Structure formats: C-alpha cells, structure tokens
Amino acid sequence: MSSEAGFTHFTQDGRPVMVDVSDKPSTKRVAVAQARVRMQSTTHDAIVHQAVRKGDVLAIAQLAGIMAAKKTSELIPLCHQVPLHHVALDLAFEDTGTSGNGGEAVLVIEAQVDTAYQTGVEMEALTAASVAALTVYDMCKALDRAMVVEQVRLLYKDGGKSGVFQAPQNA
Amino acid sequence: MSSEAGFTHFTQDGRPVMVDVSDKPSTKRVAVAQARVRMQSTTHDAIVHQAVRKGDVLAIAQLAGIMAAKKTSELIPLCHQVPLHHVALDLAFEDTGTSGNGGEAVLVIEAQVDTAYQTGVEMEALTAASVAALTVYDMCKALDRAMVVEQVRLLYKDGGKSGVFQAPQNA
Amino acid sequence: MSSEAGFTHFTQDGRPVMVDVSDKPSTKRVAVAQARVRMQSTTHDAIVHQAVRKGDVLAIAQLAGIMAAKKTSELIPLCHQVPLHHVALDLAFEDTGTSGNGGEAVLVIEAQVDTAYQTGVEMEALTAASVAALTVYDMCKALDRAMVVEQVRLLYKDGGKSGVFQAPQNA
Amino acid sequence: MSSEAGFTHFTQDGRPVMVDVSDKPSTKRVAVAQARVRMQSTTHDAIVHQAVRKGDVLAIAQLAGIMAAKKTSELIPLCHQVPLHHVALDLAFEDTGTSGNGGEAVLVIEAQVDTAYQTGVEMEALTAASVAALTVYDMCKALDRAMVVEQVRLLYKDGGKSGVFQAPQNA
Amino acid sequence: MSSEAGFTHFTQDGRPVMVDVSDKPSTKRVAVAQARVRMQSTTHDAIVHQAVRKGDVLAIAQLAGIMAAKKTSELIPLCHQVPLHHVALDLAFEDTGTSGNGGEAVLVIEAQVDTAYQTGVEMEALTAASVAALTVYDMCKALDRAMVVEQVRLLYKDGGKSGVFQAPQNA
Amino acid sequence: MSSEAGFTHFTQDGRPVMVDVSDKPSTKRVAVAQARVRMQSTTHDAIVHQAVRKGDVLAIAQLAGIMAAKKTSELIPLCHQVPLHHVALDLAFEDTGTSGNGGEAVLVIEAQVDTAYQTGVEMEALTAASVAALTVYDMCKALDRAMVVEQVRLLYKDGGKSGVFQAPQNA
C-alpha cells in the first residue's frame, strides 16, 4: 500500500490539487480547535487590569480570530472556500492562573466553527485559534517577548465521511 | 505604575490604536520565529516518502508561510503594513526523528523576515511560521488529526529601540 | 427585559460572535441602500463634462461599488460570507441639480443586492453605496475637498424572518 | 480652462489612471475624517448598556475602522498603496444625547490617519470612518434598521502641495 | 438587433452590472483553460534541472494557479463569487521540447475548475492558467526576460444554458 | 556552472525564498508589458458600439488592470510588496482592425508601472495587462468564447542592476 493513499491533497502522480468535492453531499459540519498562550503572570495581570478599563486585549483577539476564520482559504493553499455559518471564540485564563505555575499564566483560546458544506471546517477553527493567539502576542509583546503559543490543535470535529474526532486527553 | 505604560497598542484612555511610528527612524529589522509540529512517526514517513516523488508537503508549507507573511497586517488588527525585504522559511525534522520519541516525530519550522522600517517584523515571522505549520496540518490531517502545533514563539529579533531579543533556551 | 435580547452579534455573556445561521432556511433576499454626495455645482459640471469624453467618474464609482459589495465580509467583522447573485448600482444627479440649491448639487447612489442565503444582504448594499460615494470623493477631491457623503441608509429589504423593511420618507 | 485640468485621476484624453507621484517628495501627511450615525435613543441606550458588560459595539467598530484604513487601496480603484504610520478612531455620542433630539441620538466617529509619503491619506481617514459607521449599523440593525450614516466628510488635512484643508463649520 | 443583446454584463441602458443569477438553477459546471509559455531552451533546461533538486518552478506555479482561482472574483470586476469544488493544474513541456523549435521550448499549462453553481467557471480556469504562467515568468525572468505567455484561452466548458464549448483545433 | 546561479528565487539548496533586497538601493523603476486579445470582428464591433453608449468594456478592463497591479504580490508567490507610484493602461484596437485579418480583430493592451524601490515592477505590469485582457474576455464571452489572449510579454523595463530591457521586435 502506498503512503499516498492517505493524502487527500495530491493526485496519483504526486501533484498538489484542490481535491474534488463535487460528489460529496453537503452535510452539517462542526470543528473546535484550541490554542494556548503561556505568558508571565505580570502579563496576565496587565491584560486583566486593562480589561477593566476600555481597552480589552481578549476582545480584540476574539474579533481577529473571527475575521481570520473567514480568510482561511486565502492562507491555506489547498483549502476550499467554505461559507461559514457560525464562528465563536472563547478566551479564558486557566484557573491555576498566576500563582501555581512558577510565575506563569496560561490563556486558553477555543474556536468553534459550523457550516453545512461538502468539506469540513477544521482548518477554519485552527486558523481562528492561531490568529487570536498571535494577536494576543502582538498586543502584549512590548511587555513579554518570550510568550509562547503552545498546543494549537483540533479538539473535536463532526460531520463528513470520517465522522467524529475527539482529541485525546493530555495531548 | 500603571500596567498600561507597558502596552503600546492602547491610548491613554485604554482604546486600541495603530500606534504612531511617524517619529521613529527607519532602521534594519530582522525577526526569526519558530513553530514545531508534533506528529505520528507514520505521518513523518508519509511526508518524507511523498517528497521523493513530485508532491512535497514541506515545499507547499514553505510557500504558504512566505505568502502569509505578506498578509500579516490583514490578520493582526493593529499591525502596520510593513514592506518586507526578505522572507525565508526552513522546515526540517528533528534528528530524534521517528524512533526515539515514542512513535512521534517533530517538524521544526523556522521563519526569518527582514526589512528596513519604523517598526519590527516579529508578527510577520510568527505568522509565517504559524501558517506553514497549519498548512502541514491541512495536508496531513486525513492521516493524523491529532497532530499538534506547539511552541510557536519568537527566537530572535534585532533592530529598533528595544534592541536584541534572544529566546531563552528550553522554552 | 435585557437590551441584549435585541443584539444578534453577542452571546449571552456579551461576547461578539458571528451568529449561527445553521438552522435558518436559505431564502431569497434583496436589499437596497442609498448614499448621497453633496458637492459644489462646479464639481457637478466637471463630472458631467468629463463623462462626455471617455473618462467617467460615475462609471468608475459604480464599478468600485460592485467590487466592494463582494468584500463586505472582509470589512464588517461579524458579517457572514454571502455569495451574491446580483449587484447593481444606479448613480444620478438630483433634478434640482446645479441651480436650485445654493450652488450645490446632489448625486444619488442606489445599490441593490440580491441573494438566496440564510442571512440578509443589507450590509452588502450599504457597503456598495458607501464605497461608490467615497470613490466619487476620491476622483473629485482635487476640485472640492468639502464634498459630504450624507444619508447612507437602507431603503428597502425583503426576505428572512423579519420580513420587509421600507425606509420612512424624508429620513 | 478645461474642467479636466482639475481632475487628477484622468489622463489628458480622459482615461482613468493611478496618477504618477514619482516626482513628488515624501512629506508628512495627516487627515482627519468624520462620520455621524443617527439612531433611536433606545438604540443608544442598548449600546451604552452593552458596553458596561463585555461586548462593546464601539470597540468593535473602532477596530473595524482601523483595519479598513489598511484596505483603502483595495476599495478605491485609483488610490495608491500608502503605508500608514498611525490610525486612531474616536467614537462618542453627542452630548445632546438621548433626550434633546426627538428621541434620537447621534454617534460621532472621528478617524485620524498619519503617514509620510508622496500622496495624502484623506481616503484612508474617510474609509476608516465609513466602515466604523457601517459596523455600528451591522451590530445594531436588528434593533433599528432606520439608522442613518450622515455627514461622512473630511474635517482636516495637512501635508502635500495643496497644504492645509479645514472643513467649514456647520457643514 | 442591438449588439447589446449579446452582452451579459450591461443593463439595458449600457451600465455595468453583476448579472442576476437568482433564477438560474445550480448545475454542475466544468471549465478547462490553457496557457502556453514560450522560452529559450536554456531556460527549459534550468527549470528541469532545478526540479531534480528540491526547488521546483512548476510546483510553485501550480500552487499559485490554484490560489489565484480562488481570487478570481476579486480580480475580474463583474464575476460572481463561486465556491469552487475542484481546482487542478497540469504543467508539462511540449514534446518538441528543447531541440526542434529553433532553440525554444514551450511549457503548456492546463487548468481545470469544477463547481455546482448558478454560473460557470471559465474565468476561474483562465485566471488559474494565467497566474501560473506569470509565476513561471517571475521565477525565470532573471534568466530570460523575453519569455512570452501566448495562447491563454478556454479549451472546454460544460454546464449551464449555453451547454458545451470545445475550442477549435489550431487556435 | 550550476543553472541555479541564474535563479533568484531559490536558496543554495534549492528552496524557494522571497529574495533579500535589503542591500539593494532604492532606485527609479519602470516596466511596460503588453497583452493582445484576438477576437471575431463582430465582437470588436460590439465593443466599439457599446462604447458609444455608457457601458464601456475597455474602461472596465482598464480599471481592472490598475486594481490588479496593486494585488500582484498576493498573486505571484515570491513577489515583494512594491508600493506603486504610477499605473496606466492603454487599450486600442490594431489598425488592421476588423477587415484585413480574416474576420478577426486584435485589441492591444499596454500597461506601464513606475516606482522607486529595491526591486523592479515587471510582474506588476504583466499582471495588469493580463487581468485587463481576462476582463475583456469575461465581458464578451457570451458573444465569443473562442477569444484568445496572446503575446503577454514584457516590452520594456529600466532601473536596477540589470539595466534596460527592450523586447525584440516581432516577438
């Protein structure tokens, strides 16, 4: 068995292609992706304090993620242009928060995307979560250039021939 | 001391703004960012085998990263539009490769961006590395939906008032 | 009753979201929007005179409006990506024209957008009318920097659960 | 004197062109534009009440305006691609507010854009103000479809051969 | 008979419009377009030699064509936004190759696009082929500035009211 | 001597890269490109007749070319983002016109682009000419699907280390 049997973005002779979904039925699709941003606890404090006033790092990152989901097919070369029915992001600090973790805090970003189409929306959810994380980086980088976006991954997807995917715990 | 002193993307009353760089001198800037993609060793094998033939996951991801660098200011809301002088990505599997790591392999992506402008290119390098990583995910997801993009971070930057940043080891 | 009951772009805890239209039926939608551009009568004369020769301010503005309608979801953060079935703009000077109005003339721009989708196209029609008006400004600004775009508003929409909207007269 | 002498976007035979700025010096430029959104006082109340909680219509509109400024040359056909040094929007309700005006309120949006380039940034400021206003419309349209964006106009510009422009009062 | 009867992008009074496809049924559509790039045989040799190593002019051009197909409605003013179901490009040198043609070689690019929609995808296929050809030019222009893209044309289309089109031989 | 010495878009080990122009001086650059559209003489007549009324195929194609020049770096993967100082297109039918050529006519499109930057604008001129030609195709395709875009090529360029290029006659 050839390893290429598993790739969906190559033709039989190994050339890249936007795969033909003409004969796939349009079905309901959902995907949930996550990104985590590790930062100094002082950066966490600055974000939280700022949010009390009018500027709000998390609200801007959330909006950037929603807008990026709509741009996915421009960024990922072989992605289809999927009209999205719903995009929502949730951004929250982990409870261990600022103290338990050696002076570090972790912001957890979850992005959910829904549609009804011939192909799934995993890349849209991953792009939304990634761009939201990068936006947090951009807004806080003057405070903390060593922030790390860790664990960008798919948490869940449903719809389509391959059915449900649920990420393993502790990945 | 107010925490807002540290933010550069908010005005004094806490509103978001694209910061004024009018009075900053145009100087040479460089930034290097990294993303790591953890995958099953069978996925690694498929990528390497494919590359021997004409399709090439890594070449497509590399190109996607270069093109994404040019779109950074469309994705990150408060980024300036920086005309880039040089964008280069390097993608290589870690030596421990397919065996030493419990059946896993790690692809290391490094993106370097150079310019001469009034503001830095950290976000362009991070965006290039992130989108290259997401492109690898897209092309291999039929094989391995549990791949994780980890450790998206700035490795190095130089130029501008804040000078050199070098990421800590073992971050 | 909470005021948030009326907002469709916020979740229950007040976060922005691209609202879920998964369960809405795809129905025929139409929206008509208007923008008015008030200018000096000498500017009106220049536009009309130019149109006799080959350059044509109104034709360029019309095209800019059509192209902008297709970009609406990139501009308005929480808009869905609606595939448009029809976009048409009409640009004409008000009859009172150059004389009756204290040396001023008013260009009336109307944009109509049609689709069949799960959500309406009010924003597409408003964006088309606005960008057409700004394009007129751009092309005539060397003549008349005091031009004013006034009365950008929705004239009519039909389709969807909320049914017909007809703008009040003399708004 | 031909009326075409005044147009800068046409060649001598009347064809549209992106005008040649090769021989213009790069100088500091600033432009300030305004848009006003007239709405029912109940809509004003909903915006203000919402802002106390986490969602914030004005913050989203502000961000949309900043991002739109960066897209101006994609929207206005003959605009140059100007790298912007600074974009800031201010959104505030007029003092007369909800009571004095027959049950109506007016939101005033001001956008300032700065650069140093061979051409001005009037269109960038006008685009930022317009798109911010349309975003307010989008987020409140379920409450108040009769909102009107009125008085989109240039308030001030400086830099370049034509020097300072200051909008007349009571325009 | 008026010549305008034949145009589909103008209204009865001659104004451009994005034509109304609301009442057209969504049917399967396919289009195949071609571009040919004539170059020196030494340029051909450089492309072929390069492909043996990791860089690959043809693979990059192929990817550029796929991504351009998705941007067609941003480039061609009156095109609809068609969600594409399949995009594939084939790039190959003509057999006469490097010798028989006076020291010249011809690269043949074919692009196929499929969808199911209310309008066809001829422009998407032509755009994909054109941009792939221009990308070849870009990557080889330091070697051969006199390369010519010749014969960009539609080879075949099916679907829609006008039925099958098959390009004449020897066009 | 390796053939790769001639490529400017690959690193020494054959990977694609956006080449480093950091150390190149910013100098005046100009490029002129051409595209030719061969069509039936009846299509020529329809275009010319239409132009007498308000719709104007050539004016729309001209505008599409100008706007496409600004999008070049989004289309051609390894192109730099060059801020353009001047874009002008000229579209005219060849004199032999409708009669001498076996019932065919040829529309000649010339695009000139100017800038002052560290790299040239050949690709911008070629992209402008190509997209203008494709726009003509789009607007006339209901009349004449067998139109051919031919001879897309660089006519002239100046500026930069490689100096002047002048296309050979009768290419």
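Each chain carries a letter (A, B, C, D, E and F) given by its place in the written order, and its residues are counted from 1.
To be clear about the criterion, contacts are C-beta pairs under 8 Å (C-beta built on N, C-alpha and C of every residue); 3 or more make two chains touch, one makes a residue touch a chain.
According to UniProt, the chain labels map to these proteins: A, B, C, D, E, F = Cyclic pyranopterin monophosphate synthase.
Because the structure is predicted, anything quoted here is derived from the model rather than measured.
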{"item": "Reference interface B-E: repeating pair among B-F, C-F or A-B with over half of contacts shared", "value": "C-F"}
{"item": "Which of C-D and D-F has more C-beta contact pairs", "value": "C-D"}
{"item": "Chain A and chain E, separation of their C-alpha mean positions in angstrom", "value": "33"}
{"item": "Between chain A and chain F, centroid-to-centroid distance (C-alpha), Å", "value": "38"}
{"item": "Multi-chain contact residues (two or more partners), chain D", "value": "11, 15-16, 54-55, 59-60, 63, 67, 71, 74, 77-78, 81, 83"}
{"item": "Residue ranges of chain D touching chain F (in the complex, touch as defined)", "value": "11, 15-22, 73-74, 77-78, 80-83, 118"}
{"item": "Residue numbers on chain F that touch chain C, as the complex places them", "value": "54-56, 59-60, 63, 67"}
{"item": "Contact footprint of chain B on chain A as seen in their complex", "value": "3-4, 6-11, 13-16, 45-46, 49-50, 53-55, 60, 63-64, 67-68, 71, 74-79, 122-123, 126-127, 130-131, 133-135, 137-143, 145-154, 157, 162, 165, 167-168, 171"}
{"item": "Interface residues, chain C side, partner chain E - complex", "value": "28, 59, 62-63, 66-67, 69-71, 81, 83-88, 90, 114-116"}
